Structure formats: C-alpha cells, structure tokens
Amino acid sequence: MISQKVFQSTLKKLKAHEGVRGVIVTNSEGLPISSTLDTDKTEKVAALITSLVGKAKSIVAELEEKNLNFFTIDTKNGEVLVAPEETYILIVLKDKRKA
Amino acid sequence: MKRDASGRIHFKIVFWGASPSGKTTALKWVHENVEGYNKGGFTSVDDPNGLTLYFDYTTLTSESNVIFDLYTVAGQKRHKHQRNVVLKGTDGVIFVVDSSRNMMPDNKFSIEELRDNLGDRLVSNLPIVIMLNKRDAPDSITKKKLLSELGLDRYHTYETIATRGIGIKSAFTSLAREILAKNLQKIEDKQRKVL
Amino acid sequence: MLNVKAFDEILSKIIKSESGIKKVILVDRTGLTIAHVSKFSYYPVDIDGIGAIASAVFCASEEQGKNLDIGELKIVTSEFDDGKIFAASCGKGVLCVITEADVNIGMVRLVIKKGSDKLQQILDEFLAEKPVAPTPTPETTKEMAEKEELEAALKELEKF
C-alpha cells in the first residue's frame, strides 16, 4: 500500500502533464477515492468507467487474452486513459494531442 | 386514504399504546385469524425480548381491492422517534390500554403523546377505537375508571384479552368500519355539492 | 390522470441500467409501497413489508440527521454479505434499490440520482391528484367507482 503522500504527489505529477484535464482514482466498486475534478463529474466518470472496466475484463477473459492492463478511449475531444489495477482504477482525461 | 400506482385504495391503521399493553399480540391475532380478507406477510422489527423496536406490519386486502395497512408502534418510552415515523399518514388509531393497576402512569403518558402527535387531527375526528386490554389481569382497573382517568369516554371501547383473542375482532372491525364509512361519507358529501 | 406506466417505465429503466440491480421499489414516507419492479423472482418476498421497512429506515435516518443538524439526507446504503440496499430521497417518496453484493456502487448512485429527479416530478403530480381510479373517467363516475369499492370492502368486513 503506497502512502497517502506518495499517492497525492503522483496524482499531482500526472495532472501537471500537458493537456491533462483531470485524474481520477476509483475503487473497484465505482466509488471515487481521489480526483482533481468536481464531485459530479468525478462520480459520473468513476461509475461509467468502472462499469466499462468490468465489461472489458470479461471480454479479455472470454478471448483468453490474459490480464487487462490498460485501455484508451479515443474521442474527438481527447482521450480517456484507463489503467485498471488490482484494487483500484486510475483514469486520466486528456485533451487531443496537437499535431 | 391513498392509492398506489396500481390504483388500489390503502388505509393505514396504527395500534398505539404503552409497552407492554399487547399491541403486537393483538395484531398477530388479527393476522392469524382473519377470514374474508386476504392477508399479507407479517413483518416485525423487534428486540431480543420480543418487544417492538420499531413496528410490526401486515396487510389485509379485500376482494374489491381495498387494502388495510396495519402497524403497531414500539411502546417503550425511548422509541419516541420511531413512533412518530410510524404514525405519519395514519387513517385511524387503535389505542391499546393496559388494564393493570400499575400501568396507569404509562397509559397516561401514551395517550398524552398521541394527543400531542395528532394535534389538530385528533380534533378533526380521526377515527379512534379503544382496546382495554388485559382484562384478565388480577389487578385490572374497572372500565369506567380507566376511561374517565384517561379522558377516553367519547370513543368506541372494547374490553379485550389479546392473548386469547377476545374482543380483538370487534375492536378492529369497528375501526375499519368507521374509516370506510367516513370516507364514503366524504364522497357522498362531494357528490351532493356537485348536484 | 397519470397511469401506472409512468412509474413502471422509470423503475424498469433503473433496474435495466446496471446488471447487479435486483429490485426497485418506490415508497412514500408513510410506508406505502407505490410501485415496484423486480428482475427475477428468486424467491417470493413480501414487497409491501420490504417497502414499509425501507421507508421507515430512511425516515429514521432522516430524523437522526435532523437531531445532529447535518442537513438533508440523500442516500442510505446498507451493505450485507450477499447484497446491498440503497434508499434515496426523491421528493415525497423514497426510492429503494436492492442489488447484489458486488455491484458497481458508483453506477447505482448515478442511476438513482438520474431516476429520482424524474420520479420526484411524477410523484408530485401523482400525490397532488385526488385519489381516483386509474382510468380516465369523468369525476362523478370515478367517485361512483370509489364508492362501490368502499361499500364492497365494508360488506366483506362482516365476513371477517
């Protein structure tokens, strides 16, 4: 278990990256643990992404592709980066990379 | 009187009274001995001693889709807040008096609390029926004395022994009849106004 | 006149929106079950009894909040070994969602919030109406029907 201090500074570092709009950490029940966004947005993202992670995991298992490590949702506005860990999910919302 | 989304009419009846005047015993008897009406499940939130912690609840449904939702309250003094919650939206009250001599202060406390809670509704003729329970208690007070000391002379009163089911049916049907009649009257009054 | 469908539609939407949701019940604050939907009937349950407790539990928590002066109550969550119960305020009613234990809590909360706004609206309309028969009929006929129902109930009382 990482300390709260390391945890917060890691989030800060992530948030400082160019184009990063927000960083959310949620538990596997879809409840946000930490976030740089407002409550409403945070709850929404955490819930929906957790639900998607569940589906993705079952797809990965069905395809016999072993563990799910990471996925990206590429949209017109930017990207949603999702890293499902054992007990939590790290979510980063990013602007579109400028060409 | 209320309707649920399926259009069925509901009436809520609350058994009120001190602990342990016999409210739960009376409701259980109704639940176990009802005929004619369809009965629902029996839900109790009680403590390890069998005294009510929150409420008991059961339903009686008539063929014509009228449903009586029957509740008891928790009579012990400390459950005041629970009693307030249960009493909300009631269409009628059965006040259960414990006839034992040493229960007089508790009966008094209970009727006062009911009066406080009902406020205007008591005055505006909320149907109330009195059950003088535990008539078999060796030290039971006379009916006359009980009623006058509690200020309950003007209500329909039934002498009951809940453990043996004596008088319970009469008390319940009397209140149910009063509630139904009252609501019929309301409809008739409204119709008369229209005409 | 509102029909039953308005409630059923919203409750069904809620139950379908997340796989772990098993039952959705709408109760008022006097313990009356107004409407409900279930996914499967694993075993027969006494919905009215469940609704009565759900309402009571929510109102008790609300009272607790008042005593402690900590504002309005939004959601009560009860966690059990094999399931969870969420009870959320929706205006004059309480929306109760029963789920499996490993449900996406965040999602359930989201769905509840969305649903309860809509429910609050139609509930207000529903409760504001004079209690009448579910089919749109002229006022007097409705009253006649109501009268008949009450009279029938009175007669049945004699059989008790």
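Going in written order, the chains are labelled A, B and C, and every chain counts its residues from 1.
The working rule: a residue touches a chain if its C-beta (ideal position, glycine included) is under 8 Å from a C-beta of that chain, and two chains touch if they have at least 3 such contacts.
Nothing here was measured: the structure is a model prediction, and the numbers come from that model.
Participant: In graph terms, nodes being chains and edges touches, is this line, ring, star, complete or other?
Facilitator: Graph shape, chains as nodes and touching pairs as edges: a line.
Participant: Averaging the CA atoms per chain, pick out the one whose centre lands closest to the mean of every protein CA shown.
Facilitator: That would be chain C.
Participant: What is the distance, in whole Å, between the centres of chain A and chain C, each centre taken as the mean of its C-alpha atoms?
Facilitator: Computed value for the inter-centroid distance: 35 Å.
Participant: Averaging only over C-alpha atoms, locate the centres of chain A and chain B and give their separation in whole Å.
Facilitator: Inter-chain centre distance comes to 56 Å.
Participant: Can you give the whole-Å distance between the Cα centres of chain B and chain C?
Facilitator: 24
Participant: Please give the residue numbers of chain A that touch chain C in the complex, ascending.
Facilitator: Result: residues 26, 29-32, 43-44, 46-48, 50-51, 54 of chain A touch chain C.
Participant: Report the residues of chain C in contact with chain A in the complex, numbered from low to high.
Facilitator: Result: residues 18, 102-110 of chain C touch chain A.
Participant: What residues of chain B sit close enough to touch chain C in their complex?
Facilitator: Contact set of chain B toward chain C: 1-7, 9-10, 12, 34-37, 40-43, 45, 54-55, 57-59, 62-66, 69, 71, 81-82, 84-86, 88-90, 169, 172-173, 176-177, 180-181, 183-184, 187-188, 190-191, 194.
Participant: Once bound in the complex, which stretches of chain C touch chain B?
Facilitator: The touching residues are 4, 7-8, 26, 28-35, 46, 48-49, 52-53, 56, 59-60, 63, 126, 131-134, 139-140, 143, 146-154, 156-160.
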